[in-house]
Amino acid sequence: MTGLPDAAIVTQLAPPTERRRRGPGDRPLRRFVGLVVPPIALFIVLVLLVELVVVAAGIPPFVLASPSAIWDQLVQYAPQVLQATLVTGLNALIGLVIGAVIGVLLAIIASFIRAIDGMLVPIVAAVAVVPIVALAPVLYTMFGSTSEVARIIIASIAAFVPVFLNTLRGLRQVRPVHRDLMRSYAATPRQETRAVTIPSALPHFFTGLRIASSLAVISALVAEYFGGPRQGLGSAITTAAASSAYARAWAFVIGAILLGLVFFALTSLIERIASRHR
Amino acid sequence: MTTTTPATRRARRWRAVLWGVLGLVALAAVWELYKLVGPADGWLIGAREGVTGSGIRLLPRTSDQAMPHTWEMLGRAAEPVTRAPGALPLGVVVLLAALVSLGIAALGWLVGVVVGFALALLMLGFRIAERAVLPFVILSQTVPLIALAPLIRNWGSRLEFGAFSWESWMSVVIIASYLAFFPVAVGALRGLQSPEAADLDLMRSYAAGWWTTLFRLRLPASVPFLIPALRLAAANAVVGTVVAEISVGFSGGIGRLILETAVAASSDPAKPWSPILGAVLLGLVAAGFVALLAAFLSPFRRQETVA
Amino acid sequence: MSSQAPTAAPDPTPAADATEAVVARGVERIFHGAKGATVTALTGIELTVHDGEFVSLIGPSGCGKSTLLRLIADLDEPTAGDIRVFGRTARQARIDQAYGIAFQQAGLLPWRSVAANIELPLQLHGVGASARRARVAELVDLVGLADFAKHYPDQLSGGMQQRVAIARSLAESPRLLLMDEPFGALDEMTRERMQTELLRIRAETGAAVVFVTHSIPEAVYLSDRVVVMSPRPGRITDEIDVRLGEAAERGEDLREDTAFFEGVTAVREALHGPQASTAGAARGVDVR
């Protein structure tokens, strides 16, 4: 059995577990406040600090634009930011869906056919550590530099890798006692798959999907640096930076950050809904 | 009932390598098969009459110009990079560029690992730091921070402190390092916080201080969490380097080579594939280095198994 | 209590076999490890379990009791010998669903509620929805978890999870129950309660039971016959008839009965040899 690498499987987004003992004042509201207030406070402090430093020390905008200027630009160019976000977001979404579907299908095939497993896993593990975006320029040549297809392909590959690796791991991790149980029921392979294998694999699939959603957004955006149509966020950022409109460039960066957060929130929500009883 | 001996494990590894090679051959076979039986003009949808460049191409053309044969790709690496006299073979140029990028990525990785680990220690020591900073660090992995790359490029030409002038490769290192930094910060913190309450109580019963506990318990316990984080950081550093080289306009590395060869692909279709293979090699070497590191740290990866 | 030598080989004719719950003849299971190392988990096993009889398998770690149970359940195949369950091969018995099984880890499916877990075998074997509902309601009452039918396994204690596992094993009213240390992970108080429950259930269903355990008192309390095994190689060394009355007659106060203690002593002596009943205990068996 080929070992599965941890690189794409590790839940790099999972925060460490809390270890302190419960104190006397630990009510849910107090805990929520304790969780949400410090990061928000830090954010506000940082924004104020940056504003102060940039204005007071007269730091040129090409190093760091002042938050107030960024906000101005964000408000002024809101329609363009939204438009660019939608373009990049759509590429990422299509790529995520394609990559996830192919990832699941191939994982299922690989769990049944050892030969496919042996051939695919080393390749996918290698793809997980190499810069897939290096394919972008050549894909633009193959698929035309006026369409989004090349970017979608890159986003699909980026999404495929974690979904495939995690789902395959999940399909292989049925507990022995459950296997014995199914055997004792003389269950057919299809019955065993429906009753035990798929439910066991589902949480792993969702972990992979969560990782894949971030990677799809990042890849869709990075692919824009290598050429192709100029309507997405990446192109907008480079254009703005090239014409020295740094605050505007930062406004688009904020659009990119929001896009990433939306994808993350949506996939986490789906994961939460599907894992209500585990 | 079966135990694995070193011999069986080695045999198993060789078999895995063999299967992987078979997979690569299968991939090449699929490519060639498509070239053989695929539609000559690919699959274009929504093209309008008389308007060139319209429509969306869903399948590439099978011509040798759009899709060179796999052996042509490999063979091109042996040929000279340009038609200029005395030009080096493409393969050599690619390897040299990959080496430069490797150095930059390694530096970025190192910086990211050090800063990430330092931040993890900070969050370990001060709960308020953890609660304020950790959410940002976690969320930062979900957002495309590489979007900042074009902004950092402009530090290059403008920043000068006396004799020290900012070179463009330094911008690349910065970008690579902040992409490498986040997984390390999260992974290191998880690892440092991983010891069970029972183990912490044990150290406490020995009157061991915070730093002693850190070196004797938390650090060794963090290794299984650190290794995947370091691997992810290495992959991120490589991607960051390749992309940043293009954004920043750094010309010595493999990023620029990828772009240049792809732009000229119509006249030299097999050329872009050598730098791509170079970038793949770069990623594999980076992962291999972390694997080597992991092998050194293997005693710390053993876990207590309950009988 | 008298201890008997292992029973003589039973009548090999199929007609006689069909009434016996389990007949094992000359069963052997050898595991092959790396580089030709072999472990003889079981050798020369001769065992008959009569219809409706409660038989415990007891012995130290490595004596093969769990392996024997798995062979009877056709979760594993013997390297030699023959096992018949109600006159059929073990494999056929499994296909015909002639037994119900309960594992040491309850093995409940965490994504199914208690009711859904119990109805799993019924679902797999094509029982209609209303019939399933009715049977599940019966079983949930039988094990005393009627209020928890809609709960999920992670909301239940260990003892409750085991009760669900037992209910599940009874779902198709099998004539044979195979149980592999089902109470092993429970604390002593819960364990004693569950033992009493099991006796009650058995009295109501009349099933034969093959019960693997580490605990001498548990074996004596529950069984009609205790089969003592020992390791290296795994084999049956003794069988002890426990004449403490029908399952329906055994109650909580049996644990304080002199006859009960005599039974425990008999099994302990069979396990360790006569001198050990006064001296220290051997490893691997619970002598409380």
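When the chains are written out, they are named A, B and C in that same order, and each has its own residue count from 1.
As a convention for this text, a residue touches a chain if its C-beta (ideal position, glycine included) is under 8 Å from a C-beta of that chain, and two chains touch if they have at least 3 such contacts.
Only a predicted model underlies this, so the values are computations on that prediction, with no experimental measurement involved.
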item	value
Innermost chain, where centres are averages of C-alpha coordinates	A
Interface with the most contact pairs, given as the two chains involved	A-B
Most distant chain from subunit B by Cα centroid	C
Separation of subunit A from subunit C, taking each centre as the mean of its C-alpha atoms, in whole Å	50
Subunit B-subunit C separation of Cα centroids, rounded to whole Å	55
Whole-Å separation of chain centres (CA-atom averages), subunit A against subunit B	16
Of all residues in subunit A, the ones touching two or more other chains	none
Contact footprint of subunit B on subunit A as seen in their complex	2-3, 5-7, 9-10, 12-17, 19-20, 34-35, 38-39, 41-43, 60, 62-63, 115, 118-123, 126, 128-135, 137-138, 140-144, 146-147, 149, 213-214, 217-218, 221-222, 225-227, 233-234, 237-238, 241-242, 246, 249-250, 252-253, 256-257, 259-261, 263-264
Residue ranges of subunit A in contact with subunit C within the complex	175, 177-178, 180-181, 183-187, 191, 195-196, 199, 277-278
Residue ranges of subunit B in contact with subunit A within the complex	15-17, 19-20, 22-24, 26-27, 53, 56-58, 60-61, 66-67, 127-128, 131-136, 138-139, 141-151, 153-155, 158-159, 182-183, 186-187, 189-190, 193-194, 197, 227-229, 231-232, 234-235, 238-239, 242-243, 246-247, 254, 258-259, 261-263, 265-266, 272-273, 275-276, 279-280, 282-284, 286-287
Residues on subunit C engaged by subunit A in the complex (per definition of touch)	70, 73-75, 94-95, 97, 99, 101, 103, 105, 107, 109-111, 113, 120-121, 123-125, 152, 154
